[in-house]
Every structure is written in C-alpha cells, then in structure tokens.
C-alpha cells in the first residue's frame, strides 16, 4: 500500500519518470481544454446552440479534476499542507463552482475561476529545453527586483499626485469625477495605454497631460535599461570562451583561440 | 531547349546575373504597382470615377502575373514542389480572384490577397547592401528565439487569466460580454495599445486594469532587454582589445593594457 | 531649552536615531492616511454616507500636521529658510485649505493639494536597503541628463511643427480646432498614448499621422538606449577580470587570461 | 563695402563671434515668439478678443523677418544658392502668407507654416554644451541607419499585408471602409498607439488584431536594441581609463589605478 502511494506520488508530483511526464502533459491539455470550454461557454450565441454539450463536457472535466484532487490528497503524507497551499486552493476553486451550480443558480459563472489553473502551465517551462532560458529570464528579473520596486514606487507616487492635480484642474464633465478615477486616468496616460474614455478637455489639463505623456514616454526607458543591463551582465564574455580545461593544471575558461594554457603554458588538446 | 530552360531558371529564380536582378526588380515594382492598384480600387469614391481604368490595369497585371506563374512552372524540373510551396500558393492566390470575378460576382474583393505577394519584397534585402544588416538582425532574433517564446507564452497565460477575472468583475454593459472578448481587452491593455472600445467602468475593474497597465509597462522591458543584449553580444569585447600581435608566437587579441603575451610570455612591442 | 530644541531638531529633521526614524515612519503613514482620506472623500457616493466621519478625521489630521508644522518652525534656528523652501510651502499648502473651508465655501476641494506631501515618501528611499539601488538609478539618470534634454527638445520642436501642419491639413470638425490643440494631439500620437478623442479623418492627415506613429515608435528607442547604456556602464568590465593579486607588487584587476602582472611583469600564481 | 558684407555675413551665418551668437539668440527668440503668436491666433476665443493686437505684432515680426531675408540675400556672393536651399525656401514661406493675406482672403491660415522655422532651433544644439551630446546621439542614429531602414521597411510591408487582410475580414461598419484606411489602422495598432476610432468588431478580426498587438509589442524591442547597442559601443571602457600619457614612451589609455606604464614600466606622474 505504501509503495502504491509512493509510486503515485512520483507520478503526480514529480516529472522525472516517464509516467510523471505523461501525467503532467495529460493534465496540462485537460486544463487547456477546460479553459477553452469555459471561454466558448461564455459566448452567448454559442451557449444557446451548444449549451447542453458544453454542460456535459464540463461535468466530465469536473469529475476528472475531482479525481485528481482526491488523488493528490490521498498520496500525500501531510495533505493539509497541499490543501492550504496556493495551488491547492486554486485546484479546489476550479471544482466547487460546478457542484455549487446544482444548488445555487448563477454561481455557474464562477467556473471561469478554472482559468487560474493555467498557472500550472508554467510547469511546462520546467519540462523541456525552456528550463535554461526561463531561468535566465527569472534571474535577470530577480536581480533587478529592488531597482524595479524603486521605479514602480516612484511611478505610483507620481500618478497619485498628478491624478489629484488633474482632478482639481478638470471639470467633472470630462470624466474626472473623483480622485481615484483621476489616478486611474494618470496611470492609463503615463503607461501610454491611453483608452480615451477619460480625456482632458481644458487647456491647462491638456498641457499637464502633455507633460505626463512625454514623462511616461521617457520613463519607460528605465525598466528597459535595468533589465537590459541585467541580461547583458549574465553572459560576460562567455560566448568567446571554449569549454576545455587544461590537462596539466586544470585551468578553465580558455579563450576560443587559445592553443596553450594561459596559466601553465601546457599545450591544450584541440 | 534544355539550355533555354536553364537560362530562364537562372533569370527567374536567381539574382546573381544581370538579367536575374533586372527580372527581380521589374517583378518587385509590378507587385508594388498591383498592390497600389488594389488599394486605390478599394476606395469607394475613386472606384466610381476610375473603375474602368482600374479594371483594365488589373487585367494587364493579372496577365503578366499569369505568364510569370506559367514560366515558373515550365522552367522547373519538379514544378509541383513550387506549386505547393508557400510562395507558389501565394502566387496562385493572387491570380485566381480576377479570373473568378468573371463567373462569380463579389469574388473580386479577394483580389486584395494579392498584397501577400509583397512578402517577396523581402528579397530586396538580399539584393544589396542590406544583406549584412538584415542578417545581423535575423541572427539576433534567432538567438533570442527561445527567450522570446518563453516570454510570449507567459504573456498569453497572464492575459487569459486576467481577462477571465475581468469578465467576472465587470458588467456586460461596459463591453466585457464574453471571455474571449475580455482576453482581447487584456491583450489590448497589456501591450499598451488601449483602443478604449472596451474599458472597465467599475472601481474594482479599474484597479485591476491599473495593475495590468503598470505590469505591461514594465514587462515591455523584457523583450527589449533580450534583443538588446543579443545585438550587443554580436560585437563581443572587441573594443577593449588592442590590435598588436605577439612578435614570438603571433597571438592576437591582447588586452589593451598587456605588456606580455598571454600565450607565450614574450614581451610585447608597444 | 537649547538642548530640547536640538533633540527635537534631530528627531524631526534627521533619520539617524531611533526616535528620528520612528518620527519619519509615523509621519509617512499619516501622510498616506490623509491622502487616502482625501481620495475617499472625493467619491460622491462615499462622501454622502460617511461625510461626517471624513470631516472629523480630516480635522484630526490637520491638527497633527499643524503641530508638526509649528514644531518644525520652533526647533529651527532660521525658520524662514524652511518656510520659503519647497517642502515648507507644500507643508503649509496641505494645512491652509481645511482652515479656509470654515470661512470660504468651496475652498475645501483644495485639500487635495495635500497629496503633494507624498513627495516626502521619497525619503523612504533613504531609510533602508533601497538607498544603493535608487542612487544607482539617479546616477544613471543624472549622467544621461544632457542627452535626454537634447532628445526632449527635439521631440517638442517636432511635435510643434507636425501639430501645426496637421492643423492646416485637417478640418475643425475632426477636433483640430486650434494649433495648441493640434500640438497636444501630436504629443498624444508621438508618445504612442493615442486617446482617440482627436483623430485625423482626411487621407492626407492619416498619412502624416502614420508617419508620425512610426517615427514615435522608433524614437522611443533613443531614451531607452541612453539609459540602458548608462546603467550598463555602471559596472564596467568587472565581469571580465579575475580576483588574483600580483605576488610581487599586489596589483589587482588582472584580466582573466593574464599569466603575467600587467604592472611589474611578475609571473602570476594561478 | 566688401568689408561691410563680410562682417555681416559672419554675424548672420556664423556663430563664432560675440555678435554672431547674439544675432542667433535674438533670431531664435523671434522665431519662438512668432510661433507662439500664430498658436494663440489660432485659438478662436483669443482671436476674437485680441485679434487686432495679434495682427499688429504679426506685421512687426513679418517686417523683421523680411529685413533678415533681404540681408541674407545681400551679404551672400551667390544668393540663389541660399534662396533655393531648404532653409531659404522655409524662410520665404514664413513671409509670403502675411503679404498674400492683403490680396487674397483666407490665405492667412498659411502663416502657420512659420512654425517650420523652428527647425532653426536645432542650431541651439550647436551653440553650447549640447554639441557633444547631440553629436553622440546623431552618430548612434547614423551608425544604425541601415538597420533601422531594414526594420521600418519590414514594418511597412507587414502593415500593408495585415491591413489588407483586416479589410477582407472586417465589415465596413466597423471603420475598415478601404484598404488604405485599414493599413492606417494596422499602423495605429502595431505602433501601440491605438486611437480606437477604428476597432475590429468580429471575432476573427479581434483575433488577428491580438496577434498584431503582441507582435508590435515585441517588435518595438528591435529599434531599441539597435540604438542601445550603438550607444553602448560609443564608450568602450573609456570611463575606467585616465587621461595621462607615459612620460617615457608616450603610451596612453592607462587604467585609472595604474602607477607604472603598462608598456615600458616607467613610473607615471600622478
């Protein structure tokens, strides 16, 4: 019995064995399928025509997800740790709405929460050749974490102040009806998104907005510069180095064109 | 006869000879002309005045393109390979609608597919001084292919999840009528395009949208950083090396400050 | 008495002692609280329900800010210098509207100016681990100050000229009613914000706008490049140096490949 | 007489002497003033109140510009070269509309062309400390000219093809009334401007638009990467080098911490 648990634990939670990988792949496609199903079901015209089919497929997927959820709890020694973990809560949230919809009308819409399970898709990045690259990206992001925090903090303060100023300058009629709404507009403008649902109408407002846009246009350079320099730093000259080590002294990081060890003068094997 | 085929094969498919280059240039201008013709023909007011002229010119270009298409098939040893190739299908698609328009009314609009032939314009990049530069750009893009895939994959998952959340949060009245539409909105927002045809109206929705915009504003740094570092890497460290070679062993790429050869220890002549 | 002043001066104006830090932290939270209060008070629906509560809380915060303002004046030797300083004016501006609102109806809205005190939040960046990172960012920005000025100057001239041209090209009906408004549109377009409240309707106008967008899309590369290169420069070449020091003269920062000291020619120990 | 011409030639066309600089500065402020005047005159409400004042000031500026134009012709040996030059045409264009407005009603609006004279503002960049920085920017832009041309060329072909496809996919009702207009939309979308005056309504259209946005979001990385790498290349390690040269052998580019010449071992003078 213990072996059975251990084996299934490996299949469900690890991705090292053949079965473990297969389980991961099947689960990922099931998640993608369930999300597409929810997406199609939310389109009114499709729901009217294929509503019954969608409903049946959703029950099948919900059943499979329920089995998976129970399995996860069964094979773990301390299942509570999983249940209250981030993924545990998401897995439960993707099940409950379907069962709730039997008793409570309208709760069915919450099935859309199932899309949160897509976060598991990031496991794919751990499955194949993407490991190295995604690690490099993560390293660059983590290394520039503090710089980016400082930057976002400054942006938020700037948007709050400028949003408040615009609230004083602009009439309510042009959409600046409250300070939170004006700050929302300031963010929309500084990030160069620019919906246009709220837009300044007065001359002073348009002048301030112009300054904000040019600022936002220049400020975007900062996070880009931060991340660029981190990624550049990651490969310092490695591209021009070969991987052989000196047979005499073991020195590494020889230049690609080196024939002799730079440390002891020993001839390097091609 | 075989020589005739070989000669025309060179003219049509290669760009090394004088005739081959001339053929390419004429073809490219013909494609540009045909696309401009289609563009002008789609403007209602111009079509009413010059409709007959446009129609005649289109017939002339269609005839020339037909001749070119037949020539390509004739001079090739295995024409089927061309016919089912990417460019072969496009070349055919740019011919058919004009002939179809004789029999089926309304099919004329498909003549716009002719603009796909513009893809041949990228051959220009192989004609002249642009070769080196476009190669460098392509190398940088290909080298950062995996990193950019990881990045786009993460963006898509993020947009799907956030679009679904917005569908739950926002009313139908503000444009979030289905999940696919909400995901479309999420992409419009994260990429800082911001049409404004769909825009959040509730406080919670605007709050989530604000976070998404700032995220999108920061995330744009990642592909930029990736491509920047690749282009920077293409000239690795050359700037910090001097041009002298060792008088003893001839080693090059010494550091600017080096007094002794890194390879044989010989004193370097300044 | 003098000691009392000196002690409080340290608490209020410095952040080196325990009490000084505490004072700063309490003040910052008070500022954040007061700004949130003003934000909530500007939302019509919340103001109708909680108006009395908001008013009372604002009086409490105004009193605390008044005490802080008086303290600052009391403990300084030359208080006028503070009063007419940037922060001094902001501190006063955040007090006056509340007292004015007793006498003059409508002046209450100016209380939003209190959000300017958020600028003090930047002091947080001097409190903790963010010092280094924010210094680096500031250094990069200051180093690229001249380049960015040149860039912004060029952008402004370009927007003025192109805005004026669009005013001549476009009808008043599409929103280009005056030159300043057209320049505002040009800035909205070049910075890729794109509200859409003003948009070209004529063919010529859309053609010019297209060119402007592509220009703006390309021009954004310039500030990014400037800041990127400054941040990259901050760690110049350290990655390509090894950590060994010369056994003879103690020189450091040798090249990774160096076998001999660049300073005295001594053989380096691997 | 010849001396008089030579002196004024230096004042008007050069900026090396004191008088030459003064002339440039006065001219630049006059141009700025005249552009502001045209801007204010285009605002309907201001024009109704201050119309007479604006008209008088415009006559004064036009007279001064006329004198300057005549002077430029007088002092030059081959005035025709100036008259048909780029700046010569602009200078004339800024004069003519005012005189024309006496005879032809409505021609007055063309006075806005005067804003083209702002291009002379770029001379400021040659006056002061901005020379070096603007030269560096120009060098970086010129060095990356070919790469950016390739890039813009690819963008234009892409927008033409995708715009045409959208014309076929979308109804006329959503704004895609002609192919040029659809291409305009494609540029608005790819550059992340996103006015929203034209926006896809069909599911297929929104799907294609989503792909275009993500492409545009990624593609912006390319010009940024190009310019960044050029600017980075401009200062290869110079920051860490001092400016002294060896008193013995004249070697330069010593490291900042170098006490002895890296080439001949001579002691460097601090």
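Assorted remarks:
For clarity, chains are labelled A, B, C and D in written order, and residue numbers in each chain start from 1.
As a convention for this text, contacts are C-beta pairs under 8 Å (C-beta built on N, C-alpha and C of every residue); 3 or more make two chains touch, one makes a residue touch a chain.
For clarity, every value in this text was computed on a predicted model and none was experimentally measured.
Interface note: chain C and chain D, two copies of one sequence, contact each other through mostly non-matching residue numbers (shared numbers fall below half of all numbers used). Repeated interface: B-D and one of B-C, A-B or A-D share more than half of their contact pairs by residue number, and that pair is A-B. Chain C and chain D, compared by their mean Cα positions, are separated by 27 Å. Chain B and chain C have Cα centroids separated by 38 Å. Listed for chain C are residues 151, 180, 183, 192-196, 220, 224-226, 228, 232, 237, 240, 257-259, 262, 265, each touching two or more other chains. With chains as nodes and touching pairs as edges, the resulting graph is complete, every pair of chains being joined. Here chain A touches chain D in the complex through residues 192-196, 224, 228, going by the rule given at the top. Of all residues in chain A, only 146-147, 149-151, 153-154, 157, 160-161, 164-165, 167-168, 177-180, 183, 189, 192-196, 199, 203, 206-207, 209-210, 213-214, 216-218, 220-222, 224-226, 228-229, 232-233, 236-237, 249, 251, 253-255, 258, 262-265 touch chain C in the complex they form. In the complex of the two chains, the chain B residues touching chain D come out as 35, 38-39, 42-44, 109-110, 112-113, 115-116, 118-119, 121-122, 124-125, 129-130, 133-134, 136-137, 140-141, 148, 151-152, 155-156, 180-181, 183-184, 187-188, 190-197, 220, 223-232, 234-235, 239-240, 256-259, 270.
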